[in-house]
Amino acid sequence: MPKKKDATKIVFESEKDVPMMPMSLGSMLFNKTGSWRNIRPEIKLEECIQCGICWKFCPDMSIEIENEWPVVDYDFCKGCGICAEECPTKCIVMVEERK
Amino acid sequence: MKKVIMGNHALSYGAMLARSEVIAAYPITPQTQVVELLSEMCADGTLHAKFIKVESEHSAMAACIGASLAGARTFTATSSQGLALMHEMLHWASGGRHPVVMGNINRSMAPGWSIWTDQNDSLSQRDTGWMQFYCASNQEVLDTTIQAFKVSEALYIPSMVILDAFALSHTYEVVDVPDQAVVDRFLPRFKPYARVTPDEPHAFNGLTGPENYFELRYKLQKDMERGPALIEETGLEFERLFGRRLRLVDDYLCDDAEIILVTSGTAGYTARVAVDQMRKAGLKVGNLRMRVFRPFPFDACRRILPKAKKIAVVDRNISYGHHGMFAQEVKSALYQHAGHPPVFSFIAGLGGRDITPGTFREVVDYTKAHETPEDNILWIGVKK
Amino acid sequence: MIEIRFHGRGGQGTVVASKILADALAKEGNYVQAYPEFGVERRGAPVFSFIRIDAKPIYDKSRIYAPDHVVVVDPTLVEASDVTEGLKDGGWIIINSDKPPDHFKFPAKFRVATVNATGIAVKHKLGTLAAPIVNTAVAGAIVRLLKLTKLESLLAAIKEAISIKPEDNQKAAAEAYEKVAAYMK
Amino acid sequence: MKKPKKMTMTLPAEEYVGSGNLACQGCGANLALRYVLKALGLRTILCIPACCWAVIDGAFPHSCVSVPIFHCAFETAASSATGVKAGLEMIGDHETTVVAWAGDGGTFDIGLQALSGAAERNDNIIYVCYDNEAYMNTGIQRSSATPYGAWTTTTPVKFFKDQPKKDIDAIMAAHSIPYQATASIAFPEDLIKKMKKARDIKGTRFFHIYAPCPTGWKSRPEDAVKLARMVVQNGIFPLYEVEHGEKYTLNIKVKDKKPIDDYFKLQGRFRHLKPEHLQAIQAEVDRQWARLLKKCEQS
Amino acid sequence: MKKVIMGNHALSYGAMLARSEVIAAYPITPQTQVVELLSEMCADGTLHAKFIKVESEHSAMAACIGASLAGARTFTATSSQGLALMHEMLHWASGGRHPVVMGNINRSMAPGWSIWTDQNDSLSQRDTGWMQFYCASNQEVLDTTIQAFKVSEALYIPSMVILDAFALSHTYEVVDVPDQAVVDRFLPRFKPYARVTPDEPHAFNGLTGPENYFELRYKLQKDMERGPALIEETGLEFERLFGRRLRLVDDYLCDDAEIILVTSGTAGYTARVAVDQMRKAGLKVGNLRMRVFRPFPFDACRRILPKAKKIAVVDRNISYGHHGMFAQEVKSALYQHAGHPPVFSFIAGLGGRDITPGTFREVVDYTKAHETPEDNILWIGVKK
Amino acid sequence: MKKPKKMTMTLPAEEYVGSGNLACQGCGANLALRYVLKALGLRTILCIPACCWAVIDGAFPHSCVSVPIFHCAFETAASSATGVKAGLEMIGDHETTVVAWAGDGGTFDIGLQALSGAAERNDNIIYVCYDNEAYMNTGIQRSSATPYGAWTTTTPVKFFKDQPKKDIDAIMAAHSIPYQATASIAFPEDLIKKMKKARDIKGTRFFHIYAPCPTGWKSRPEDAVKLARMVVQNGIFPLYEVEHGEKYTLNIKVKDKKPIDDYFKLQGRFRHLKPEHLQAIQAEVDRQWARLLKKCEQS
Amino acid sequence: MPKKKDATKIVFESEKDVPMMPMSLGSMLFNKTGSWRNIRPEIKLEECIQCGICWKFCPDMSIEIENEWPVVDYDFCKGCGICAEECPTKCIVMVEERK
Amino acid sequence: MIEIRFHGRGGQGTVVASKILADALAKEGNYVQAYPEFGVERRGAPVFSFIRIDAKPIYDKSRIYAPDHVVVVDPTLVEASDVTEGLKDGGWIIINSDKPPDHFKFPAKFRVATVNATGIAVKHKLGTLAAPIVNTAVAGAIVRLLKLTKLESLLAAIKEAISIKPEDNQKAAAEAYEKVAAYMK
């Protein structure tokens, strides 16, 4: 479903472009929810034991796993702090967002 | 093949011949025989369909919408309170563009409880975006049901096939039941342009902001406006296959009429009888039976009605605080029109009070005797 | 156009009589309209049903107020109700009864016939002794008396419409058809 | 940097709920659907009535979820799903799992009748209720799932909810459906295991998922998972399954049941409660816990 | 006493000052603040009423009807889907003559889900026998709520007080909150002429045959027809007590207008701004804001509108398959009328698309430029 | 003629349901209301939704009942009663008993949600469901109260109802209402005793009354009471009460439980059932009976 | 409530007589349901033990008790046969209705 | 008529600032109209609110597209969004920031002022450190800068409208009222 992967917001030019039915044609990836964040998670990988718990509990699919290590996707991370709260080694710290 | 059947069974046969695939319905007098026969047909395999015996009409329409969105041809039937309980879902079916077809038996709205006919139940759904067909005979009920599927699925707009309580629903008439093969030619399988399926995932009917909603609804209206032509067209095709023409309106002796009656439902046929009687008595009266109310047949009305000196609309319904709904809409349709005969707005037969040829003679007597109506509403048959 | 009113009781399926008649008449290209009373039916309570018959399409959908003939399916209704209400002059009053017509006192402007449909039904074991099903017998009498259609059409209609004991019902209809002849002038 | 050892992943890796969605920070409902779809996969259709998820998904013409969704009317989650399933069957798709996905209001209150009807007919759908214990999408009004004592905008502090939470699980058990289970977003492995089990059962299946709502509970976003864990450990929301309305099985065995106080302290919606209230609540929790254990033993 | 409050709270204050005795309501955006404030008022004793927190709008209206029949003054509030779900019970309230008062926040009907304003929700209830008041300011919302109780209880006909989503419901304005004592003078306790009580047992709303139903409904319409005069009357009494006149229609510079705009709701106030602008530019434009839609103000329309050369009705609603509902009914109201200016039927602002002074300038530009409308519907602001 | 000894009268003498009503011959529903009003007396208001009783009462401007009736919409028995009660309270009548009087369809199906809502709020009403196991007023269509195996016009013989009867009593017990009971028109003394008890309890009270329908069951009118007796004695419809959803008490102790066959034989709606069906049904009845006894012991 | 006792059917002359609300004004006693009867109960009092069971189970309140004996009110008795069925001494017999 | 647009974040209660302003202005007989963004608000997400002020009744119920001034309640939004969209020439851009106005680069046709509302709020312990409640301070600055009303009215309005720590809020407003003066030419 290539449509779904499309990260750009769909804006219709005219009613002709609008489908007949109210139906989705694109994903929500254009909506960079990172801008909602007031505090940001930072991972101290040296203390990370790769337990995957942060990934498991991130409500916004914003912990990615890059060659076996957890990486925060700041484009979408809303800064809820669950990862830091749940991290067994407390190696994720929430810091004031410096936008 | 000719059968003597009741109007409710004419609906069932229509749904069966249309090869309805999903039926979700809830019983209510005077609709019950529709679902009873259909559940028998499903039981003995005459009809290959899923019959969902829902716990309310609200769920009936919800299930029909879901099934329609999944790509199945869906049918239901109800009446009065049941139709009213569906109201929210009626908006849903049209706004979501789900071509469900529903039979509705006209029954007066409670309270007090009434199981007898008037049109307030279906006409108070006139703003929900459904097409509305008013039938005058069991034959028309069956034929219209099949036509309704064709039109609905072409426009992605749901349809209501409407018949009077008892006067049609429980009345046996001779009906020519068309044979399946020919119906299949008229009405091929339902192949929606979009449906809910993992094969091509979409989210349907979701949150729609002010930047898009207007256009979606504009489309709905534009497709509604394609309706009248399409109904005439499919009505002609139907005639070629079955020898019976299905039109927007059924005009009887209107060409030279000085007074044209505007009628609907079974009263629209009874009016013909009165017209014949009055013609014999030398009165130039005609009858315009409105078979389709939504989409409103503007052109037909504007073509036929202005010929008359006076128009007498007989409504078996009322919009409280305004007046009869057919009268109201006929007036607004003719408003801009050149020739602009006075419209007399009569109300008769609420709550199942009988409408007889005499009713129409009374109507015409009044209309003849007055230049213009003395009141917004002229009541016929109220014990004043 | 002929209009007939049936007087019966809830549970007797009076409408079936008019429905069978309709079937039979339709077979010969007639237009018919048959309907029960509009409303709540209770077992034992007096009810009506109606039928309209014509050679051309029937557009009148209003109810029947002045029937050409009436049929009294349940004899007890002759006293219990005014069966002649609205009945046209010269109209037949066809009563299911073992009594002769003159047993019933009606104005001279009406014609009276009786047929022991109950007896016939019982004889052919239609329904139960307590509640015999008399509709087909009644229909047979009507067809003959009012010269509405050929017996054959009625029998054919019965065959199609009635699932339980069609033959016996045909016999009952035929017998009533014969027996009622007596009253035809 | 240390040489990478394998990252532990106790859940299926695929994601079917996408980022960019409109859920609040730390939304439990968001996690709930994420887990459910990990269990069910792509051949799933969701019927979502009015609820927070009708917004989370995003606005036309967008959607954050990779499976098809039928956004349906508030009270029609079950009947819509029944309809969709019937439609699929008739056009020859016998494989797709149809899921009704509703909030507690859409399940305990306005959608209960449709749910009960589907259960009675044993319609072949999975009904999932994510429970955040109030009408959140409309701004925190009480539902019959709101627990005793809680503040909502329609149960003001002076007049806090004085009825217990409606026991939807007992109600569904009374319908003797083939399978039903409770679940919590703090125990995704358990949730996914049960959801996979349910997928392969025919008939009406019911899930009741505990999904904390920071916004509505006046709790900290980071506590969402913690609260969902505490509520299981203190016995307020035990995780169990019921087969045919009779066979009860406790899925998460809680050895030393925790007191409820900490759980209440973390939530602003309970701030006004006095110790005596909490004691009363604790007593009721213990009573119900005992009843449940009994049911499990006896079956 | 002056307060800056949102429209939803204006409704709550109205219900509070009217001393509503039973409130049964269910939350829905954008109505929630109405019930939230009312439940607070009940909690802290500001209002002595039973607040029933029902499980659906259908039950909300059912409970209100029950309470009203028991003799209590009842209030509820809802919007869009919730109103639609009540549909069956709306018929019930009017047919049973239960003077319930309800606030409705205009919100577009799903699908797609919309929480933004248009009038299709309330206007598709136009045939249910309720009175309908469309408000343009928070002050009017509060005042109208109080007036609605008075009129409803005099006629035994329920009323809907209607306001636009967000533009009023969530917008803070300065509102003069009248004091209780004076309101009590205007609106005494509810003393129904019949109620359900063991002290005088009656069965209400039971089975009603064709021999009586018609007369009962005739009475309902006759009482509806007493509405307009009564609304003007009570509106004057209200003015005497509170200094604010409540009228059927709010006509602005219509006397010498060549083009009269027909508007309603908040758009009816925005139109005034446009009128002022156009007047400055030398255009003779007026604005008729319809405050009451049911009972339809026939006389007011027939008195004011025919003065104009052209009439431009701007509908924030549509009856699919026909056209805008205000336009439709204005036409039918003027149909019989002597002076008979062309009516231009515009549709704008569906699904919450904003209606600005510019919208009306566009409307007037078109109307000026054309002798008669080129189409049944003239769309403003659709991205064509 | 023998010298008159006193006539034995085991029920209150007053009649509040009048003759001339429109019930069929031998209508169980008619008896049900007759008994209930004997228990509650004149200070009672009935809220009757669409059902046979909406017709039995008679047509405007007539009524066969001596207490006031609010004929309400089909799905609103509970919510209408709640409203009436609230209204009475506000105008100062705190004494009148408000009764929702509905059929099984109006209770098990379309009215369930309103009932559940009232129960959750513990609204102060008595809800009575007279159960004739189908939609009779509309001509015998299946309801979720229709028992397994029964014919109705929507469950034709070829396709008879293949779901068990919805267990409304268990559903209501799950609501933990203060009082609920089953009753049968064959045991009026028991019915009246329990109804009087219920009248003096505050909160939501629920009655489930078995009311045979000769017309719909294709049974002989004279068998109405007999059937209502058999169904208790064979354990299909035990008479018991439940307090607060937990305390079960069996009211009519059946010593030797009868087999179900005779009961089925007397009803045309079951004529098509084969012996194996009856065996299966018997087995299920025995199972449920055992479950009930257990509940009674344990509470 | 004298209204309720009134046995005559109320027929309104005009809409003026019709109340504003659909509400009852009279009883159903005008409706002599005895006419529905096809079989009638006859009580052999000599065998009657005055147990009151017939009275208890009559669905139509058509067994009256006149100085301690059961009497059928044929105006309303619909002929269901329950009394006969339930009578312990079988002293009620149902006979063909001779109307 | 003056129209002002506020830029804030969900959860900051930006609408409260405009509401308090409205209260204050109403006290002096002004007509006001204050409204939040129409739609779904999410904590942290950028949101607007609006206010219209006039000496005579305000009939325009349409939304504000060309504000006379804008107020940026959350400084991070200066980059995150185009705060000048539709802003009228000569309009004030009032930013909650500890930076001086010239720290922000805007076209010369706009006037820029900053007030450290966050600092003031923190100082007076309004809200939490993580989420200080800055509305009253912001309001103080606006009132002074735009000469909308007397400080007294604002303080009175705060007293009535704010239930938690009214005094501290008043202090914050007063302090902002003073501090912002600097930028007035």
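A, B, C, D, E, F, G and H are the chain letters, set down in written order, and residue numbers restart from 1 in every chain.
One rule holds for everything that comes next: contacts are C-beta pairs under 8 Å (C-beta built on N, C-alpha and C of every residue); 3 or more make two chains touch, one makes a residue touch a chain.
On a predicted model such as this, the values are computed, not experimentally measured, just so you know.
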Distance in touch steps, counted as few as possible, from chain B out to chain G: 1
Centroid comparison with chain G (C-alpha atoms), farthest chain: H
Farthest chain relative to chain A (centres taken as mean CA coordinates): C
Distance between the centres, which are taken as Cα means, of chain F and chain A, whole angstrom: 56
Computed distance of Cα centres, chain H from chain D, in Å: 41
For chain C paired with chain G, centre-to-centre distance based on mean C-alpha positions, whole Å: 32
Centroid distance [mean C-alpha coordinates] between chain E and chain A, Å: 45
Residue list for chain D, restricted to those that touch at least two other chains: 22-25, 54-55, 57-58, 60-61, 63, 66, 69, 71, 73, 75, 109-110, 112-113, 116-117, 120-121, 144
Multi-partner residues of chain C (at least 2 other chains): 38-40, 42-44
Contacts with 2+ other chains: residues of chain B: 53, 55-56, 58, 81, 85, 88, 92, 95-96, 110-113, 116, 200-212, 215-216, 218, 352, 354, 382-383
Touching residues on chain D, where the partner in the complex is chain F: 108-110, 112-113, 116-117, 120-122, 144, 163-164, 166-167, 170-171, 173-176
Sites on chain H touched by chain E in the complex: 18-19, 22-23, 26, 31-36, 38-40, 58-63
Chain H contact footprint on chain D (complex, rising order): 22-25, 55, 215
In the complex, chain E residues that touch chain F: 21-22, 24, 49-50, 52-56, 58-60, 62-72, 74, 88-89, 92, 196-198, 200-209, 212
Interface residues, chain H side, partner chain D - complex: 40, 42-44
